[in-house]
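Report on one structure; see the data block that follows.
In order of appearance the chains are A, B and C, and numbering begins at 1 in each one.
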């Protein structure tokens, strides 16, 4: 039996798996993608340094991916985990996953869930139209297929938009416009967080240089943008919004939206780990201690899936959590762990420093948290914000009754694209706090499995 | 603190409670419904949606006749609900199958149906056939199926639409539904019943109808009822929606009107734990593929556990408080099937109406 | 045919492989996901939804939104963003929900 199963080969999962393997644990690393890297370092082992426009931070992922070569570490890519049982089961935590159309369930003494983040859903009228995508999704195409967005508008908020704009400029295809939702008063409030952010001054300067590059390239920039709406026009889109009281109408082939990222919590919720509402980042995250330990025996979390702090912090946290797991396996003494964690703790401290500034300056805009009635919230079942409000008025008190009353969250994505928006819309409508509403319950299989595959599930019996 | 006053207080906002509330309203009463918290066990949110007669009360005539009456009334009841609420419940009564992969089980069940037919008389029709006959009639049934029984009176509804239609109907008829209202304490005080809610607010009522499923287990003894219900977990799978309609309805495989195929039928005595488990999920998948092999390619989107409300002998309980007061206990497993009789005949019984049915077979003091 | 919403950098165009899109010959770069291959090919919708027949193109590109579903080698509802395109693959755009084999 393995000592540790790590789910997710992004920054946290890769560093945890390598650290634990080097520390003597037998580790199984599972990831859905065909190659390591997660989304931030997507396809790094194939691209290596052939895509200079993606910048130096991307290239840093190669070293981490190469550290996965260790005799104690088995990597299974193309493996989709669809269920986790915690350590109360008689043979310890168990993970069920699908690879090449075959599902099996394996037990280990510890399971680390490092499934990272997803982009916050940005519902507005027209966001389901062809050509509207999250900005990060377009960046995935840049990394995985060297496809550069053409006639694209970047719209929303967050430093990722600056990075993608700079990458597009360096690739020779600048965006048509950068339409930002943050306001000058948000920026002014965020300035109080700047002194702490300067602990990581390198990142601050990097951000400023991205902005200079965007300015120099002559990209049109709008701020305090509101009332997003997209309509089809020929093969492309018409994008309308207001900025500082004035209406703007732009045309584009691609509308790339972004309102920050949030933890992917389907697996952690379905495993029964308690979750709490992050009042700053406006999202659910699994409850855990500094080491990444949850209250479910044998289950651990690390990286952005445990709370958004970015890739650098995730990488550091992977080391810290792996060492805590090694201690739990008696492969490492806590005294030595404290000593060898010093570097990672320092790195985590530095990486965390910028976060309060980013959270304040680039908070999601209210119109995406409680969109106008006609907006589709649930893309799968095509349920609108208006339908959610009607159900709330008819007595759907919480996430469960809302789901059964409207079918929002019952489609194949299992609520990944609408749970948060349903929660924030319901909270705004009923005047209740998301903490009172509670998170949606997630059930397995967390990703669809065919009946045939489930009927042949290998339970090791 | 001033207590809220209700003439008729229904405790429980699931299918059973709302059916009773609906019936009381139609009989001209004023009704207030207390519904619990979002995270309560809520059998009405996890159930299968059958309106089923086949095998029900095969060895207990009162239950068989009561169910018979319910399935007869379903078409008119569904129409009435849709008219009042504007919400269709997607009732279909195409007749239902029980499929068998074991001949002994088939024979035993066929004998049960013969007993049921004897009770219900010549209007009850059922058939039993072997696997090959079945496959000739429904091409696509799997080779491992050894036989089936069929009963023309079986059907199903969309249980979530039923719940919604009942809620809306109760509200349209002037009933009030108080949400997030968990009753912690309930007792008789002279001519009244007094309840204390989780938020410490108080409520007083002339008549109380305890329809809270598993949630009634703390309250029923406070009024002197003897029935102790227990949870029995059933696990279910739901597939992605299909364009294709399945050519059959069975007690374990049914296609919801929206297109998803629901698979269920497991039973486990595990207390108040509604988790889904890998062995049962696999068992359900194997069952579905054995019955209809074409389902093998279909994706499961979700599985869940739900808790049946089970009385000691499995039959419903309709009890009047032993002190002769106006408190009633209504509890059963088949809340969907029995919804029409709960709204009509049962309310006549509460009201001591001259048309009230004989419910001696469902007394609370039979245990 | 409609123009793709993406351009591929010249230096990236190598290891061309051919596949079939709705019965017509098409090409992609080795390593492309099916979603990337179709997005590079043209701007058309991948599917129309079963509920309101709404057109959809891929959204998340990381396997969580299920908007990129297509039929691959006869198997419906495959996540185009999670599958690597291979030589001779038969890819078809979809409309509506899954249809069971041999039945309508």
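The rule is short, and it goes like this: contacts are C-beta pairs under 8 Å (C-beta built on N, C-alpha and C of every residue); 3 or more make two chains touch, one makes a residue touch a chain.
Here the structure is a predicted model, which is why all the values come from computation and not from measurement.
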item	value
Of A-B and B-C, whichever chain pair has more C-beta contact pairs	A-B
Per Cα centroids, the chain farthest from chain B	C
Chain nearest the global centroid, as defined over all protein CA atoms shown	A
Between chain A and chain C, centroid-to-centroid distance (C-alpha), Å	24
Where chain A and chain B are represented by their mean Cα positions, the distance between them in whole Å	41
Distance from chain C to chain B - Cα centre to Cα centre, in angstrom	44
Overlap residues in chain C, where contacts from two or more other chains coincide	77
Where chain A touches two or more other chains at once, by residue number	411-412
Residues of chain B engaged with two or more neighbouring chains	240, 295, 297-299
Contacting residues of chain B [partner chain A, same complex]	35, 37-39, 42, 45, 160, 163-164, 167-168, 171, 177, 179-180, 237, 239-240, 258, 263, 275-276, 278-279, 281-282, 285-286, 288-289, 295-304
Footprint of chain B on chain A - complex, ascending	83, 85, 94, 96, 105, 272, 394-395, 397-401, 404-405, 407, 410-412, 414, 437-438, 443-445, 448-452, 454-455, 457, 459
Interfacial residue positions of chain B with respect to chain C in the complex	140, 240-244, 259, 294-295, 297-299
Complex contacts: residues of chain C adjacent to chain A	2-9, 11-12, 29, 31-33, 36-37, 39-40, 43-45, 49, 51-52, 54-67, 69, 77, 82, 84
Residues of chain A touching chain C in the complex	32, 34, 39, 43, 46, 50, 80, 118-119, 128-134, 136-138, 140-141, 144-152, 171-173, 235-236, 253-254, 264, 379-382, 411-413, 416-417, 447
